[in-house]
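Below: one structure, written as structure tokens.
In order of appearance the chains are A, B, C, D, E and F, and numbering begins at 1 in each one.
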Amino acid sequence: MNLSDVALAAQTAQKESLTLAEKGITSAKVVLTGFVVVFAMLILLIFIIKIYSAIVQKAQSAGSNSKKGKKNKDEKPAEKPAAAPAPVVTASAATDGISDEVVAVISAAVATMYGSSEKARIKSIKKSSDGGRSAWAKAGVLDNTRPF
Amino acid sequence: MEILQGFVDAVVGIFNSSGLTTLNWQNYVMIGISIVLLYLAIKKQYEPLLLLPIAFGMLLVNLYPSIMSAPSTEMIPLADYVKDHTGAIQYPITELNGAEYVNYPTNGGLLWYLYQGVKLGIYPPLIFLGIGCMTDFGPLISNPKSLILGAAAQIGIFLTFTGAIFLGFTAAEAGAIGIIGGADGPTAIFVTTKLAPHLLGSIAIAAYSYMALVPIIQPPIMKFLTTKKERSVVMEQLRPVSKLEKIMFPVIVVIIIAIFLPDAAPLVGMLMLGNLFKESGVVERINKTAQNELMNIITIFLGTTVGATASGQTFLTFATIKIIVLGLIAFCLGTAFGVLFGKIMYLATGGKVNPLIGSAGVSAVPMAARVSQKVGQQENPGNFLLMHAMGPNVAGVIGSAVAAGVLLNVVG
Amino acid sequence: MEILQGFVDAVVGIFNSSGLTTLNWQNYVMIGISIVLLYLAIKKQYEPLLLLPIAFGMLLVNLYPSIMSAPSTEMIPLADYVKDHTGAIQYPITELNGAEYVNYPTNGGLLWYLYQGVKLGIYPPLIFLGIGCMTDFGPLISNPKSLILGAAAQIGIFLTFTGAIFLGFTAAEAGAIGIIGGADGPTAIFVTTKLAPHLLGSIAIAAYSYMALVPIIQPPIMKFLTTKKERSVVMEQLRPVSKLEKIMFPVIVVIIIAIFLPDAAPLVGMLMLGNLFKESGVVERINKTAQNELMNIITIFLGTTVGATASGQTFLTFATIKIIVLGLIAFCLGTAFGVLFGKIMYLATGGKVNPLIGSAGVSAVPMAARVSQKVGQQENPGNFLLMHAMGPNVAGVIGSAVAAGVLLNVVG
Amino acid sequence: MNLSDVALAAQTAQKESLTLAEKGITSAKVVLTGFVVVFAMLILLIFIIKIYSAIVQKAQSAGSNSKKGKKNKDEKPAEKPAAAPAPVVTASAATDGISDEVVAVISAAVATMYGSSEKARIKSIKKSSDGGRSAWAKAGVLDNTRPF
Amino acid sequence: MNLSDVALAAQTAQKESLTLAEKGITSAKVVLTGFVVVFAMLILLIFIIKIYSAIVQKAQSAGSNSKKGKKNKDEKPAEKPAAAPAPVVTASAATDGISDEVVAVISAAVATMYGSSEKARIKSIKKSSDGGRSAWAKAGVLDNTRPF
Amino acid sequence: MEILQGFVDAVVGIFNSSGLTTLNWQNYVMIGISIVLLYLAIKKQYEPLLLLPIAFGMLLVNLYPSIMSAPSTEMIPLADYVKDHTGAIQYPITELNGAEYVNYPTNGGLLWYLYQGVKLGIYPPLIFLGIGCMTDFGPLISNPKSLILGAAAQIGIFLTFTGAIFLGFTAAEAGAIGIIGGADGPTAIFVTTKLAPHLLGSIAIAAYSYMALVPIIQPPIMKFLTTKKERSVVMEQLRPVSKLEKIMFPVIVVIIIAIFLPDAAPLVGMLMLGNLFKESGVVERINKTAQNELMNIITIFLGTTVGATASGQTFLTFATIKIIVLGLIAFCLGTAFGVLFGKIMYLATGGKVNPLIGSAGVSAVPMAARVSQKVGQQENPGNFLLMHAMGPNVAGVIGSAVAAGVLLNVVG
């Protein structure tokens, strides 16, 4: 049975509806298949993630040991843990209790919005290391992702 | 006199083509329903980004059904046409059984054109592109076992399939109804347009409604299935995930899933492309546009036109009521199985896993994870489950897409 | 020798397909006109957001008419085709009266594809969506009598219809021409694509030109029809409007208008959807995109392709001159009737309404309202009519859409 | 007569153009219909707006009287008059020249625009006279143009 | 030979490939034509640019001489050299804080972007009560609405 | 028993439709290549904005070829259809030689729909629109002789044409391959879709790769062809260009080029429309959207779908290797002729022109100009050639478009 046939059949009076036994068999088949395949796929993913994660971690720790001090600058982006806390914000802009990141987030929107009509001078801003998205911005993103 | 007659004729013509004579009772009922949905979207803020456009599309199509009419070509017998018109004939002429007909075209309605992106399966993957740009798979990579919970929460999909079959739906319809339990809007719409497009309105509205109601539906189930001790488990902090692992994740996942379940490839492919935009860090321009303007434009078109599939005649049927009930069951079963597998992991790990994070496996990102956090904190105010629940939560998105691939293959 | 011959042939071929041999005098005249319009758009800043793309589209189509060519299929006799080609035939073959033909396809021009959004009536409602997101109906809700002025200013549309009929236009053409008096770009384009697509270029250019000239056209008429005393009236402050009233407004208006005049539903529906985005306050993401990026993208496509309908042969006709004259008349009549009904309200309210706000009823938001403000201040520098004029101004948008619905129904 | 017929007729030589009388009748009919229907519709809207406005206002004033002090927070957005003046901006921002926020605003945009490949600290930005694009921004634009 | 034919021919087995001589002739023809036409076009552009540049410069210097002091304001945008250095930003912005308008602009953008879910502290800016849009922002919106 | 049989059947069905059985070795090789390209895009940052989507599109199409499948209609004999289906027939029926067939439609793949914008020639001009908004032609207007260098660098295109012809490509294919030397992505794609669509994947990838490698490819050639003295030339400062000249430039250029070489009109027209948006200064709204959101959306669609044309069977051919070699030759020749004509200008001006700016004539804006700057500074650290090199650099964009017009006319 294929896609359009079903749609067709569904939209018209269903002359030949399934017997109770057929219903049972179809259902059991789909439940069983769904259960097995979904679990099989996701368990396969578990193993693959574990394997490649282990390889990456080993490679990176080996790399960072052997090259420490040499390629520090190069390695930094790859090593920096994404889930780590981000306490780095320098104090320059932070005297008033809002971190640079928060400031930047808010203001980014503004500037994006108002573009070059703005006349203010920018004194200093630093990009955060993990893709520029602070914890605060993450929360906002989550809020936006929600409805989809 | 003739003027007055013309005036009366014109007014009568306007009246006859007005909704007062062309609409039927179902349309008026639907107008009422759409206003209720608008109220829920605006006042209660139930998923307003989708529910507001959906409700408005529903309102429009029931006020003016032609707004969803397909373009058409009428075959007018040549003689009739010539009688009514002057000048050369500008349309193709077809000969049929010896008679000649003018192929006279009529444009489709506004929302019909915008709806093609839904019908042809274009919008849902593009929304997944934007979601991919906003999703952090870090918690999942850090704790890949979360995927088991993301799989468990899909069991509801298949059990609901059974229910739908026994309630008289065809296999394809039952598949589309079951996917409501995936708690994932674009996946539900993608699957439904392929398996049972005539149910799109009901299924989309049910899916988004239950996603909005996650904070109300899930907690009782979670509490019923867990003990106080289980709910109080404080989980170990997640290990940090390196940037390289995050970059490799989307590439590896898309390869595995697209090879094994090609039907899921458009959804998973776009989700992972978006995620690669985000994690690679080298394409900020398009990353930003994909998750903002592009996704917003698609959201407007998708919401409004999905709502516009709910015209009175197709929506006000007994099938819709069945779908709404089955959708709720699917949701509850998904939550329950997520929690139950959470309990299994609790036992298997000697009490290190809090089973509350299992309910987040239904997806409904990030609301379901927040519910886990909140219910956990009710037992132990110092317990922060949010990041732990994000693992099963994003795993649920992948799980739903996999389940969609299975359904499309087996019943499609 | 052969090389040189080939070179000469190639250069001759380039020359023969160049504009030097393919363009005619009308194209060159149009190139001149488009440069004048570019000058007006850039130097005089006459509605540059629309006039600049329109003028550039006009320039492009007259430099390179194929940029608006529709895709086509040529029927080449099979024998001829085979003679000229090697390899398998990749195109469908049609049998016609015993002979076989290869259906040989050619792509359309760039602007032809972008133009489909105009032709199928998609762009104008989407622009109305963006306008709805930016429109504050507060002053209208606060003073609903403004709607009378928004209706009065549409009388010009129908009177101009008469003029167009007597100048030899058909009823449908006359309807499209009259709508210029609505002073509303998307409405004019929407109606024209349905009633008289061959006049689109002239009508769109006339509409936007007169909208740009509002500050020049309206003041003399306003002053001629009012006394100094009338112009000096200071109006009472508007009552504040609650958020709930503002949210209910778009829903109620779309229901009323779509039921009574379904032909206006796409325009009014999208306008009110945008307004609901704005007033609901719960969908800021899509509200922002609808009024910015989406509207800007559509504006670029709409402007450029509307301009590209003005190729020399279709534009340089006596009809265009008639349309320009009739459009001006429509505009002036709209202004005049707005002011006259303002005078009636002045009398009916015992002098509480300043008749100058009537001219704002033509729409041309917000320029016409500013003109009311400015002319009022010339009499009494302390008089602020702007917010009072915004009521008739936005009422004029609704009024034009209603008039469009009537015309589409009666002459469409 | 319907849409496409008219278009067709219009585009071809109009063999049978209307007589003067027909023109007059058609015109009068359309003017009359248009006038009546447009006014009828908009006057209908006037009444409906008046009615629902009255109901809303009555409901809200009743609501605010009975619940005053209780649900104040809830009611506020609904009651707040839209046309009220907005004189509020406090002077705090004015003490330190340009607040960090403004600075951040602009630079955030820049960061949004130019992504993570950018490492420079922005010391000061001035609006250039030619279309608002500074030399610095130009360089950025060039970066973005490059791949196309 | 025209477009689709070539494509067609290319995609199928090329039964009749060119002889070496034909290849040479075709190549030479294309190289010669390409060389000549590309240079001809671009040299034509050089002359045209030179001519109109000269005219514009002469007109503007004549204009600025004759009208100096009169229409200064009008002429400025046209005369200002684009490549000139842009040292102009006055210090006013730095000394007097930020004008209310700038403040309003920024906050409007923030509100537009982050809506009511926003919890960040914005020190110096207060949300206007009606949907976050200040009078100044409204004027901007109106300006943008105008042309449609 | 029957259940188990059904389960086994379903799993076998999933396996049989999975990539494990449907993909061939070419697909797996391409998956590997796409991962290498992703690595280059992300780690080496070679044109990531284009290369990342291209590589991902390549990955997707080789994992799931149907993602690029065209919609199709199957002709099923009526009797067969009726046998397998219940209910009324919803599809058109065709009579053919006395037998009746049901026209049974299948949707196309996601990327096939998005690809239409490439195939129909819509995306490249729209990207040129955005580029026009970001391009400053000031240095070119200031020093129009730069156009000679922009012309010289196109010689590589035509010489490579010769090479391609002798390697056995058809004239049209050779034209598309040559255009790689133009170092201009949208132009290469635009020309290739018209002349040799089957080579699109290889040509696009070659073009973007070499553009990314400009800093590596050009310097040795530049140094080989110039003396130390020539490289040390410090050029005079450019004269300032007035706003009026900048506004007139796009209008004049589009008129000249569209008249003489109509085939280049879509590209040059959109480039100049964008530039007029920028220079006019009166349409900031649409200027900003054209160069940001619109261009980003198109970039995503164009990149992904161009990559998706590189399926294993079409890409892994000897032709691709030839294209890659020829593309490199085209690039090197372009650079060399630019520098050589720079030397001619050096001589002609008595040493006032630094020949290093000639290499910037290939386009690859602005990377090629930066390379000129960098190589110049190696001789004389105080020498700033950047703005001088921007003239030939933007001239190269115009030059490539002109060359494209010639090729489309002569071999198209």
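Convention: a residue touches a chain if its C-beta (ideal position, glycine included) is under 8 Å from a C-beta of that chain, and two chains touch if they have at least 3 such contacts.
These numbers come from a predicted model, not from an experiment.
> When subunit B touches subunit C, do the two copies use mostly the same residue numbers, with over half shared, or different ones?
Different: when the shared numbers are divided by all numbers used, the fraction is under half.
> Going through A-F, C-E or E-F one by one, find the pair whose contacts repeat those of A-B for over half of the pairs by residue number.
Selected pair, repeating A-B: E-F.
> Average the CA atoms of each chain to get its centre, and name the chain whose centre is farthest from that of subunit E.
Centre of mass proxy via C-alpha means gives B as farthest from subunit E.
> Mind checking the centre-to-centre distance between subunit B and subunit D? Centres are C-alpha means, answer in whole Å.
The separation of the two C-alpha centroids amounts to 29 Å.
> How many angstrom lie between the centres of subunit A and subunit E, each centre taken as the mean Cα position?
Taking the mean C-alpha position of each chain, the two centres sit 35 Å apart.
> Which residues belonging to subunit F are in contact with no fewer than two other chains?
As it turns out, subunit F has residues touching two or more other chains at 10, 14, 45, 48-49, 136, 243, 260-261, 281, 285, 288, 293, 299, 406, 410.
> Which positions in subunit E are in touch with at least two other chains?
Only 9, 11, 14, 26, 28-30, 33, 37, 80, 82-84, 89, 93-94, 98, 102, 106, 109, 112-114, 122-123, 131, 144 qualify.
> Can you check the complex and tell me which residues of subunit D touch subunit C?
1-3, 6-7, 9-11, 14, 17-18, 20, 23, 26-31, 33-35, 37-39, 41-46, 48-50, 52-53, 56-57, 60, 77-84
> Residue numbers of subunit C touching subunit F in their complex, please.
Within the complex, subunit C contacts subunit F at residues 10, 13-14, 17-20, 22-23, 31, 35, 38, 41-42, 45, 48-49, 52-53, 56, 59-60, 63-64, 66-67, 107-110, 113-114, 292-293, 296-297, 299-300, 304.
> For a test of understanding, state which residues of subunit B touch subunit D in their complex under the given definition.
Per the touch definition, subunit B meets subunit D at residues 2-3, 6-7, 9-11, 14, 84-90, 104-106, 281-285, 288.
> Give every residue of subunit B touching subunit F within the complex, in rising order.
Residues in contact with subunit F: 120-122, 125, 129, 247, 251, 254-255, 258-263, 265-266, 269-270, 273, 276-277, 280-283, 285-286, 288-290, 293-294, 406, 409-410.
> Spell out the part of subunit E that touches subunit C in their complex, as residue ranges.
4-5, 8-9, 11-16, 25-26, 28-30, 32-33, 36-37, 112-116, 131, 138, 141-142, 144-148
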